[in-house]
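Heads up, the next two complexes both have chain A, just with different partners, chain B and then chain C.
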Partner chain A sequence: MTCDLNLLWPKSNYDALTPSEITNIKNLIITSYNLGYYNVVINFEVSESLKLPINEPSKLNPIKIKEIIDISKFPDLKVFTRLTVIVNDSSKLINLNKYQNYFDLIAIKPQTEKSLQNSIINLNIDLISIPLDTKLNFYIKHKIVGKALEKGIKFEICYGPLISSTSTLTRKLMISNIVQLIRATRSNGLIISSGSKNPINLRSFHNIMNFFQTLGIKLNHINKFDDNAEKALINGRLRINSYKQTVMIDDNVNLYDNSKDEENNVMANNYKKRLNDEDIGQRKKLHS
Partner chain B sequence: MVRLKQRYILFEVLYPPTDGEDFQTYSESPTKALLSLHQESPPQFTPKTITNTIKSSIQELYGDYGSSFAVQLNMKYFNNKTSTGILRCTKTNFHFVTATLPLITTIEGRKVIVNCIHVSGTIKKCEDYAIKRNLQFMRRVRFLEKSENGTIITI
Partner chain C sequence: MKTELEKHLLTRSYDDQERIEELLETRYSLTGSQRPTLVLLPTGHDETPKTKSLLHRDDTIDDEQFNKRKINTRLEVREFLKSTINSQKKVIKKVQEHKRSKNPGDSAGKPFNVVKVLNHYKIPLFEDFMPMRSLWEKYAQNLVFPDVKSPESKIPAKQAMLSKLASAEYTGCFMRVLESRNKNFVGVEGIVAYDTQYSFILCLPRDEDPDAPPSKQVGGLRIIPKRYTLFSFDIPLPNTTESKEHTYVSFTLIGSRIEYRSVDRSTKKFKNHNVDDIL
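Moving on to the complex of A and B:
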């Protein structure tokens, strides 16, 4: 079972899609399915300054899977959603926990070393995707990365810009950054994903690993990449379905089935809202 | 005397939907998607043109040093109907070739995905694998057609 954890949503805000963009994303899902990726994740990437509508929970997730594609036609295909936030200053992101029940995966894209360090310590996330196609203004250290790996956070490598870029500069930067990331993580906890908007830039898993072998990944590490992607996906699904990602009560819950999430969220949300209100009340008493 | 050893690379050319009719009808059903990905290749795709694009992309990635290994690169077979082919190169340096195949985006102005399927030491094994894979492909198409029509499938 191979997973592609990053197919880009064409817009970075809540505007509606045009018909050609909808057919494009359909084509994107089906091409990656035919290349052997049975679990596909659509990625909604936003900057931290965009205001997400907290008060209307039904509008939080713009990706409605049932409206885009009929999954029952394609045997074994499963589609999930993911939120990625581009971070400059991690102190603004305290509210990230509120969005957890509406997306299957939650990831961040740190731009500075400080935001990387802070978000590893403070936030509850599944994935970190360092922007490898730009020149990094910091040096990836093993000490910081090791902390993330202890918590079970995975690091993502997007191969999309490597193929689509026409300038040789981005290719050079990407290869040097990937080698740096492999050195810092000692090739543990890494994930490969496409990160492209166009079906032309998709490649199958083993083809990309052929290229990555020349960058210093050993043959016996290749299966780890596949396992890590699955682990990250299970981690994200457990956040919705279980208590603190450890205890599940119902036997009949299928972890990979996300069609009934909307109904369940209403129940869970009311309970959480009440808890939050009580918490705030107690804190106010303490301060006054 | 040790004889000179070779590696044979089996690859296929896929055509993802870019524009025109394919772009609209591609997502209608799984069989249409499979068949339009595995299209016939146009007649201007000959063994010579494809080896030239592979050699030029090796030159782009690895420079003069890398492309010196690709001098002996040779296309043994290419079929336009099934758009699969077999490449031959020396044993020690075949990694340079397999690493550059996914980075090719266009051949003769047409946007393509070049998919490396199998690497083996003899050309016979490559041919066997190609036949086996084609049989699997035909079985999958029939399976999908039946499931679209709604008949009950027993395998």
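Moving on to the complex of A and C:
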């Protein structure tokens, strides 16, 4: 069960999508489904200055999965939503906790070393996506990264720019940054995701693994990439579906299942179950 | 001539040859004044007591009572569990023996009366806990769905229900092990008899089918560690209307996160952690 945690949402604000953009995102999901990614996450990336409509909870999440794609036609496909905030100054991000219940995953994209450090300590997030396709103006320290890994925060590597970019400079930067990140994390807690807007830039898991093996990650660490992605999803879903990871609603072994979600993730009326006759018979046997 | 040496030695003290002979004879016989054995008798010992430290205080009657009681309850529970689980093993062996003694294919043989043996060993039966289970169900309904009257009505918001359940009591709840690192526990279900810090003690139902595995026929107590285990349970919706529909909501307890005694859990502030240790 492989996961792609980053399919970019075409807009970075709350404007409505044009029909062509909707078909594009639909194609993106179907392409990754065909490549073997059964858990895909649509990533809504915003800058920290964008005002989120906190007063209207129903409008907080612009990604309405039901309007984009009919999941029932694709067996095993699960579509999640993710919010990524580009951070320069993490003191502006106090409100982040308020919209945690409306997105399955919460990620940040730190631009400075200070914002990286502060958000690891203060914020309740699942993922950190360091902008690897630009020249980093700070050195990734193992001490800070280790603190994040201890908390269960995973680091994301987007392979999209490697394929889509036309300039050799971006690729050069990208590879050197990835090597930096691998060094800082000691190959632990890494996640590989696409991070592309165009279906043509998607690649299958093994295709990408091949590239990362050439960068010097051992095969057993590569096999953990998928586990890490799953853990990030579990972490995010448990924030919505459980009380501080103690009691969870529903009895599903798949801890990140979202098939019973409602509009705003708060109510739980879909979790009601009706006993069928067989179950009632079994229960009565245990009652007698 | 074994006594030649002794004779020579005795001539130093005695002149009389007959006296020497007599002495040696009595020396090596069981009767007579000289015995070949040495009897040790207790000697008197030092009677003065040790000097006590300045901080020493003699136990009062209350202290003694308290210590006695504390030790007794704890030990008794442990002893009870140990002995019950041991005797359960004995019963399982008996069922196995009975199975083996029966001819294969001959189903007409007398079935093994498990309940009789269980009562003999004083192993708690699943039925004993049924009243506790119905009590717990009422308690949970009152706690989680205070305003729900019929299965059709809306149930409270997720976090409101879950936060109450996190500090709830689970003795009497019918649980099943949904997933665990120890695959032997997966699928085990029973009523919680006791909620310890690191484990749930479940009372399992018996399987009446004589062909079932012996351990399932016996049931009884089972200790399930909380760590790396998911427990799930159902709470039926309260039904005051006439319709006979059964609707319920299921929940899952994440064992690794509730490793507290139920007393401590009721006031505990929980926190999110790394999810690596959940399963």
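In this text, the second predicted complex is superposed on the first by the 249 of 288 C-alpha atoms of A that agree within 3 Å, B and C clash if a C-alpha of one lies under 4 Å from a C-alpha of the other, contacts with A are read in each partner's own complex, and residues count from 1 in each chain.
One rule holds in what follows: a residue touches a chain if its C-beta (ideal position, glycine included) is under 8 Å from a C-beta of that chain, and two chains touch if they have at least 3 such contacts.
For clarity, every value in this text was computed on a predicted model and none was experimentally measured.
> Looking at A:23 after the superposition, I want to know if it touches chain B, chain C, both of them or none. Which is it: first, second, both, neither?
first
> Who contacts more of chain A, chain B or chain C?
Comparing touch counts on chain A for chain B and chain C gives C.
> Which partner does A:170 reach: the first (chain B), the second (chain C), both, or neither?
The answer is neither, since A:170 touches no partner chain.
> One more residue to check, A:75. First (chain B), second (chain C), both or neither?
first
> Please work out whether A:247 is in contact with chain B alone, chain C alone, both, or neither, and reply first, second, both or neither.
second
> Touch test for A:88: chain B only (first), chain C only (second), both, or neither?
In the superposition, A:88 touches no partner, neither chain B nor chain C.
> If you stack the two complexes on chain A, which partner ends up touching A:234: first (chain B), second (chain C), both, or neither?
In the superposition, A:234 contacts chain C only.
> Considering only touches as defined above, state whether A:207 meets chain B (first), chain C (second), both or neither.
first
> Within their complex, state which residues of chain A touch chain C.
124, 150-152, 231, 234-235, 238-253, 255, 265-269, 271-275, 279-280, 283, 286-287
> Which of the residues in chain C come into contact with chain A in the complex?
Touch list, chain C to chain A: 126, 130, 151, 154-159, 161-163, 165-166, 174, 178-179, 205, 230, 232-234, 237, 245-254, 257-258, 270-276, 278-279.
> Give the list of chain B residues in touch with chain A in this complex.
Those in contact with chain A are residues 16-18, 23-24, 26-27, 29-30, 33-34, 37, 60, 95-96, 98-103, 105, 111, 113, 115-116, 144, 147-148.
> Residue numbers of chain A touching chain B in their complex, please.
So the residues of chain A touching chain B come out as 23-24, 26-27, 30-31, 34-35, 69, 73-75, 162-164, 168, 199-204, 206-208, 210-211, 213-214.
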